[in-house]
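Right, I'll just put the structure down here and ask away after.
For reference, chains read A, B, C and D in written order, and residue numbers begin at 1 within each chain.
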Amino acid sequence: MVRVRVADTDLMGIVHHAKYLTYFEVGRVEYLRRRGVSYARCVQEQVYFPVVDLNVRYHKPARFDDRLVVETWTDKLMAYSVRFAYRIQRMGAAGLDTLAQGFTRHGCVDGAGQIRRIPTEIVGRLAGQEILHRPDDQV
Amino acid sequence: MVRVRVADTDLMGIVHHAKYLTYFEVGRVEYLRRRGVSYARCVQEQVYFPVVDLNVRYHKPARFDDRLVVETWTDKLMAYSVRFAYRIQRMGAAGLDTLAQGFTRHGCVDGAGQIRRIPTEIVGRLAGQEILHRPDDQV
Amino acid sequence: MVRVRVADTDLMGIVHHAKYLTYFEVGRVEYLRRRGVSYARCVQEQVYFPVVDLNVRYHKPARFDDRLVVETWTDKLMAYSVRFAYRIQRMGAAGLDTLAQGFTRHGCVDGAGQIRRIPTEIVGRLAGQEILHRPDDQV
Amino acid sequence: MVRVRVADTDLMGIVHHAKYLTYFEVGRVEYLRRRGVSYARCVQEQVYFPVVDLNVRYHKPARFDDRLVVETWTDKLMAYSVRFAYRIQRMGAAGLDTLAQGFTRHGCVDGAGQIRRIPTEIVGRLAGQEILHRPDDQV
């Protein structure tokens, strides 16, 4: 769960559109942790996943103090890149309300910034997930 | 011209992907100013342009202290929404180097957050621009 | 508890110093909630608490994925301003480790930005707290 | 000159207090450049200046699209640390208007995060500046 901060809002009184990428990031890191992948350990071992492509579609604005659920899943897994998809929902008295959706595609690079294959262990932990978990179907 | 700040970078030593949206924003506000539209005045008059859809493709990383040129143009102009496109280039000794490209699509809302037509004056200042200016052709 | 995000770090590989103010903000909003003050409701009623003075002292760097505890307490309560103090600690296997300390002093303004007295109800909920809770003594 | 971005503002319609530290950073990097110190080169050579202590006092709020001048000077220069002071002013039709003041004190560390002396060359470029330049006197 992500709680919207004052610093996330802008003069429109709603969350600035760039902040949703940070919410995606929170969802991605937690999703990886649940799948047995520590991104902190990746960083220590200089295996990085820079974003190469992304999309966000905004349906309704998030506001200060909203409690957001960030659903994350593996959308497409390739040898050298992986695409994660996201759905951000607001927790409310009447249930969940979809605010935004999107994806981020990531390459895999080493400490020198050179493209490398995604480590086999990570592939193993993410493979098959795109079939098991498709929140998009529920929208 | 946008100069990359330390605060824009992350632990990879490159600019965090979310910051490019802020660079797009700088490009958009300056582009509008050149076309005779003050976004500050829009805000005073409670005419807002929240983002409803966006895409960014990252080609090469920007780094601290880089000088970036943010090209902006009107990509698609409709009665209730407008799409701006962007190309971010790094200024270097050997000329300009394309780092990222993307678009943001904006609705138009009033102070109460209700969808409204884009003011006629703004339409007039942006119309036809998509034909005159197509940096994408140069890539 | 605040989990450090990639977006919070900079090229030094540690959390950028400005982000601690956002952690203070998280601590402050949660502290107020526990004391019965909803800052979201303040915002709805156009009672704002802009920062007029602040200080941060950094002892050790926070890093990506660290779990931080933000202790907050009322440091000084006046008719027109309130000062909150903070201590940020990292949760580790060996217990808590103090990373940073500081304070923020806030004025109270209405929707037009005019200085006003802090609402009596809020004063009542914060008064006396500065005596009961002094985490600084424990350092 | 720093132009305030929409992303710098919050739900109060003014610049979020944490952003002033980023403005200080812009002022500091430009000040160092004028004194012959490239912070980008420091980063390449793994000489870093993490913040160890800071203070900001806010007089008047900055708003979207404001043009800000960030005056920076060396406040205190020691063997292992340096303190920079700042004054942020808004450019207006009637001249400059002071919005905020503050300081940041920085240690000097190497790539492993170990404290080290400030390089002699940098000391030479900053020494004596605290006497020559005292914007505070003009307030």
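In this section, a residue touches a chain if its C-beta (ideal position, glycine included) is under 8 Å from a C-beta of that chain, and two chains touch if they have at least 3 such contacts.
Since the structure is predicted, the reported quantities are computational estimates derived from the model, not experimental observations.
Colleague: Report which interface contains more C-beta contacts, comparing A-C against B-C.
Modeller: Top pair by contacting C-beta pairs is A-C.
Colleague: I need the pair from A-B, B-D or A-D whose contacts repeat those of C-D. Over half of the residue-number contact pairs should coincide.
Modeller: More than half of the contact pairs of C-D reappear in A-B.
Colleague: Using Cα averages as centroids, what's the distance between chain B and chain C in whole Å?
Modeller: 34
Colleague: At what distance in angstrom does the C-alpha mean of chain C lie from that of chain A?
Modeller: So the centroids are 27 Å from each other.
Colleague: When you check chain A against every other chain, which residues touch at least two of them?
Modeller: Only 6-7, 11, 18, 21-22, 25, 43, 64 qualify.
Colleague: Can you check the complex and tell me which residues of chain B touch chain C?
Modeller: For this pair, the touching residues of chain B are 6-7, 9-11, 13, 16, 18, 64.
Colleague: What part of chain C is in contact with chain A in the complex they form?
Modeller: Of all residues in chain C, those touching chain A are 3, 5-7, 21-22, 25-26, 29, 38-40, 43, 63-65.
Colleague: Okay, in this complex, where on chain D does chain C touch?
Modeller: So the residues of chain D in touch with chain C come to 11-12, 14, 17-19, 21-22, 25, 43, 48, 50-58, 61, 104, 113.
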